[in-house]
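As structure tokens, here come the structures.
Note that subunit A is present in both complexes that follow, paired respectively with subunit B and with subunit C.
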Partner chain A sequence: MFEAISASFSGLIFSGGILYLCIGTFVGLLFGIIPGLGGPTALALLIPLTFGIDTHSSMFLAGAIMGAVPFGGSVTAILINTPGTAPNAATVFDGYPLARQGKAGLALGASGAASAIGGLLGVLVLFAVLPIARDVILAFAPPEFFMLAVLGLCAIAVSTEGKFLRGLIAAGVGLLIAAIGYDDISGAVRFTYGVDYLWDGVPLVPALIGLFAIAQILSLYVEGGSISEDPGKVKVTRVMDGVKSVFTHYPTLLRGSVIGAVIGAIPGVGGTVAAFLSYSTEVQLSKEPETFGKGNIRGVIAPESSNNAREGGALIPTLAFGIPGSAEMAVFLGMLVLHGLQPGPAVLLDHLDVVTSLMLSLAIASVLASVFCLLVARQLAAITLIDVSYLVPIILSVSLVGAYALNSSMYDVIVTVIFGVIGYLMIRFDYPRLPLVIALFLGGIVEVNFRQSLMISSGDWTTFFTRSISLVLFILIVVSLLLPLVRQVFKRRAARSGKEIKA
Partner chain B sequence: MNIRDLAFRFLPALLLLAFTLSFVVTSFDYKADTRAMPLVIAVLTVVLLVLELLAQRRDRIGEVLRRFFTGKSHLPVGTPGKTPSVGREIGAVLWVVAFLVLAILVGFYIAIPVYVFAYLAIYVRKPPLISAITALGIVALLYVLFEVLLSYPIFSGVLFGGYM
Partner chain C sequence: MKRKAMSRYLMGAALLAMSAVGLGSAPAHAAWPDHNLTMIIPASPGGGFDTYARVLGKALGDVLGVQVLPDNVSGAAGQRGATAAYTARPDGYTFAIFNMPGIVQPVLAGQQVKYDVDKIDWIGSMGFEQYIVVVAKDSPYKTIADLKAAGKKVTFAAYGSSGVAANRILCSEVGLDCQVISGYPGNNDALLGVVRGDAVASVTPITTATSFNTGGDLRGLLLMSDEFVEAFAGTQLASESGYPALANLGLIRAFGLPPGVPADIHDALADAFQKAMVSDEVKQWSASTNSPLQPMGAAQLKTLIAGQTELLTKYKDIIGTEN
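Our next item is the complex of A and B:
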């Protein structure tokens, strides 16, 4: 291992690795900041370009992109309520309210530091877990995947404080939308109502751009003014306060990083679930859950640390078993194959130096991207002072062109606008968007794993409760659903005891 | 109690109920295993929507349900926060839809400057010169980013042979 690490450092310093690392970091930030693009697109575009360069340099490039994209996406999430990539959606809920309160610098500082440290912790987890990764991954079968997905949904519905019922309704509607298109088990086409475009289902990223970017544009149209409620209050000088807050709230940082690394390691669940799960965990553990969604700095730290840490986690099944943990990792596997590497245990045994190069670039890029963005945080935060009249057409144009660029399809743009209107109506009528978004992601996972579980067990329902991990996840689901009730009981008791003391 | 208040309380749940019921009805067109999961979810969502509609009533049942699900027994008065006019909201949606239609017809490189200039100069009454510079600046930025740096050809509009 030591030889592999020293070979990677040597490649980084003496063979032009630093240059590829810087290019990858810049490209990653750019693709992260532009709504609708993101890591998979950046990697897919760069795969043909890496053919002419050596494997180590390719790993520096790929690792830097993977390390920089998550933080790039948080910049727009905080400043203009538009997540650059899907996993940054959770950052919107507290990052944007902070920007509106004139604390964009604070939010950016916290996001940058959490991303950097989360990224480093994710790589450390990868480093530590690689030797035992196989047993952990193989312990997850369809019943566990099903329970994990349901837990994600319940936890998120519950985290919408005061809107539990509406959160569950939004989740239900999201699951129904996710059911549109091919049934992954039987191959039948469902609920397309004669529209061929819907055979592959409602495209996720255009829907996300609509629910966040377009919905926000519609709100800005209606409200006018600037993003910051009081332009005079914008204090970008508090960037370092944001960095410090990450250390003050270190349990949040550690929880977010661990959740990110663990969830990232589970194939198919992805970074969005990790970010939302770490966010909802913070809400549930907080003594003041009502402050979330209104500008609680922990609501920025948790998803951002998780978001970057999951990159390290996602590399575990990708490198160890050749099972991609996400779309980004699937594209990355393509890059490995292009360079003559067979993903799986052979990579770890025969090409450990390639793996360490990747880990090194991932770790450095997480820090480099954050430092770079924090240096220009003042300029970035100034975006919130711009008259929204100018921002509206800019965001709309970039969002719609970004939605088109995903698949070169104008139907994706139409879906984006439709979901934009839905998102605006949800804001307007006080329905939480978070459960809808997460249900869109988890719909396929829930159904496929539920049906596979029953197929494997020959229709025996007890399979969900007789497997230890599945049972633990089920208990967590029940606990998560009971939490609001328990919290209410405690609040009432506290209120009563308060009255008695006054009397 | 006015129509606006009633609409705010009941309309969203009623629209979602119609959407969900359409899934229930349509699901019977498919085989049992294909429809099972969506049907279960749709039925559960219908139950939740009925509870939501009951929770919006100003009676004892509504109060109990609100307290159980939201921790509050009272209904919000009117719409929360600022209450923009419906006309302004429809106008906002129409601007976005008009841009989309224009982009489909003539492509982004014509639609963007037309829309940006029209929006800035006519709708929000910014100086024409600044509006024109902003419009051209956005097109130039997108052109450099997508066409030059990323080699992404951008949609040219169905009228000019673009493929949807």
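Our next item is the complex of A and C:
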């Protein structure tokens, strides 16, 4: 192990690895910031380039991209309410309200520090879990995936911004949209109306760009002014406060990182669930849940730390079984094979130095990306002071180009525009947009795993409750849904007894 | 002065005439390829088809002296990519790797598709990946006969439409009462399903099983092939067990052009394809990753596709049925 690590370090320092690491970090940040582009696109574009360089350098490049993308995505989530990549969606809950209050610097600082430390913790978890990775992965089967996804759906409850019924309506619409496309289990095609494009369902990322970037920019344009509600009062110098806040809220940071690393390690659910789960956990554990969604810094720290930690976790199934733990990992797998490495348990034995190079770059890039960005955070935060009429054309064109660049498909642009209109109408008529996104993302996972579970158990629904992990997850679901109610009852009772004492 | 202008005019006209003649006599594609080629991959980056295609694309580009740019058009089990390739301009600058039998199945199931498999201008194939039936290493079943003798419904884990079809065809050919559990996001996920006990068995490409099994979690039950495989030594062959037709089934990594490409360009590309297949780069990649290569020319490929289509047609009624 130590030989491998020292080989990686020498590759990093003496064979130009640091150069590839810097390039990867920069590319990752850029791709993370531009809505639509993300880790998978960056890696896919770079695959042909890595043909010319040796395996170690390719690992430095790939690891740096995967380490830098999550933080890049949070920048736009905070500043313009548009998650740069899907897993950053949870960051808009509290990141954007902070920017509106003129605390963009604080939020960026917190996000940067949370990403950096989360990334480091994720790699540590990866090191710790590697020996028992097999058992962890084998413990999760479709019933557990189903319960995890439902637990993720529970995040809808905390994302409704106080408009519970409207949130449920939005989530219902999201679930319906998630049902569109080729049904892998029955082989049937649903709600495509003869449009080939819809075979794979409504793609998440273009929908996300529409719902957030396009809708937000329309709404800002109509409102006028700048993103920050009162530009006169704003001081964008609170970046260091944000960094400090991460340390004062270290339990949040630790919870977020562990949730991210563990969910990342379970193939089949993905990092977006991790971000939502760590956010909703934070809200439910908080003594003042009503402050979330209105600019609570912990609402930025939780999802961002989990986002970066997830990449470390996602490496586990990728390396151990050749099963990608995230979309980036799917592309990365192809890169491994192109470089003559067959993923599987053997990689850990035969090419440990390659694995340590990857972990090293993942960890360093998480920190490097945050440092890069924090250096320019003040300038970035100044975006919130600019008159939106200057921002509209820039964000609009970048978003639409991003939507197109994803698959070079005009259909993606059409989806983006349609969801832009839907998103704008939702803002106008006061419907929360995040429940729709959560449902759209999780709908397919919930359905497939529910049906698979029943096929495996020959239709016996008790399978969800007789398996221990599945049962524990079910209890967590019940608790997370009942906790707010119980709290309310206690609060009322306390208020009443307080009155009685006074009387 | 006038004469000079006149001669200049004449010279210009002569040049023009010469170039016109030149244009008329030489074929329009004389210099093929004079710019980069596009290779459509009907899958997202990272999968088997993508990896094979990219390795070939690199070597093919070296042979031709231009770049071969991969274009991933994923979706609808390879149908979107196939449609994009089939309707591309037939100038020899766009070709594709096709998902066989993925693009034949919807046709057999009676769906409307925008391509005609018989009209694809085949170049050649990189390989023919046959299937193997695997169970978990601690499974009580040692042969396919044991599974039959179990006398109860057997569960099979499958990925994708081709995988579901392969599992169902095995069950029908052998006469097993089976429940195919579909919906896994990848072949490895389906195999993991077998290891953790979601299903008893799975019909999966031999190479997938080989690379997955470096940890020794699986045991072979039946090789749907005519040749033994080192990684699954001792596993019965399809012919030995009395099911020779099963060896016709497999994933074909077939490359083709849209219909209507001039014959000389087809020949040049097919020639370059064969050269690329025997290049050191491709061979080394194949050896170090255990990715088998079976280079095939257009004629051989057509025979293989015909044989497979026959088998699929025989079972077309069970391929499209719902779970």
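As a convention for this text, the second predicted complex is superposed on the first by the 490 of 503 C-alpha atoms of A that agree within 3 Å, B and C clash if a C-alpha of one lies under 4 Å from a C-alpha of the other, contacts with A are read in each partner's own complex, and residues count from 1 in each chain.
Basically, a contact is a pair of C-beta atoms (placed from the backbone, for glycine too) under 8 Å apart; a residue touches a chain by one contact, two chains touch by 3 or more.
This one's a predicted model, so the numbers in the text were calculated from it and none came from an experiment.
Legend: residue contacts after superposition of the two complexes on their common chain; A:188 is shown touching both subunit B and subunit C. With both structures placed on the common chain, the touch criterion links A:309 to neither subunit B nor subunit C. In the superposition on chain A, contact of A:79 is made with neither subunit B nor subunit C. Of the two partner chains, subunit C is the only one touched by A:341; subunit B is not.
Contacts of A:175 after superposition: subunit B is touched, whereas subunit C is not reached. Once the two complexes are laid over each other on the shared chain, residue contacts for A:392 go to subunit B alone; subunit C is not touched. Of the two partner chains, both subunit B and subunit C are touched by A:451. Shared-chain residue A:417: touches subunit B; no touch with subunit C.
Looking at the shared chain after the overlay, A:163 reaches subunit B, while subunit C stays out of its contact range. With the contact threshold set out at the top, residues 185-186, 188, 408, 451 of subunit A are in contact with subunit B in one structure and with subunit C in the other. Residue ranges on subunit B touching subunit A, taken from their complex, read 8, 11-13, 16, 19-20, 23, 26-27, 30-31, 33-35, 37-38, 41-42, 44-45, 48-49, 51-52, 55, 65, 69-72, 76, 79-80, 82, 84, 88-89, 91-93, 95-97, 99-100, 103-104, 108, 112, 115-116, 119-120, 124, 126, 134-135, 138, 142, 145-146, 150, 152-155, 162, 164. Residues 44-47, 50-51, 54-55, 58, 70-77, 79-80, 83, 109, 114, 153, 155, 160-161, 164, 179, 181-186, 188-189, 192-193, 195-199, 211-212, 214-215, 284-285, 288-291, 320, 322-323 of subunit C are the ones touching subunit A in the complex. Residue ranges on subunit A touching subunit C, taken from their complex, read 40, 43-44, 47-48, 51, 134, 137-138, 141-142, 182, 184-188, 196-197, 199-200, 267-268, 321-324, 330-335, 337-338, 340-346, 407-408, 448-449, 451-452, 455-456, 458. The part of subunit A that touches subunit B in the complex is made up of residues 34, 45, 162-166, 168-169, 172-173, 175-176, 179, 183, 185-186, 188, 190-191, 193, 214, 217-218, 221-223, 389-390, 392-394, 396-398, 400-401, 404-405, 408-411, 413-414, 417, 420-421, 424-425, 428-431, 446-447, 450-451, 484, 488, 491.
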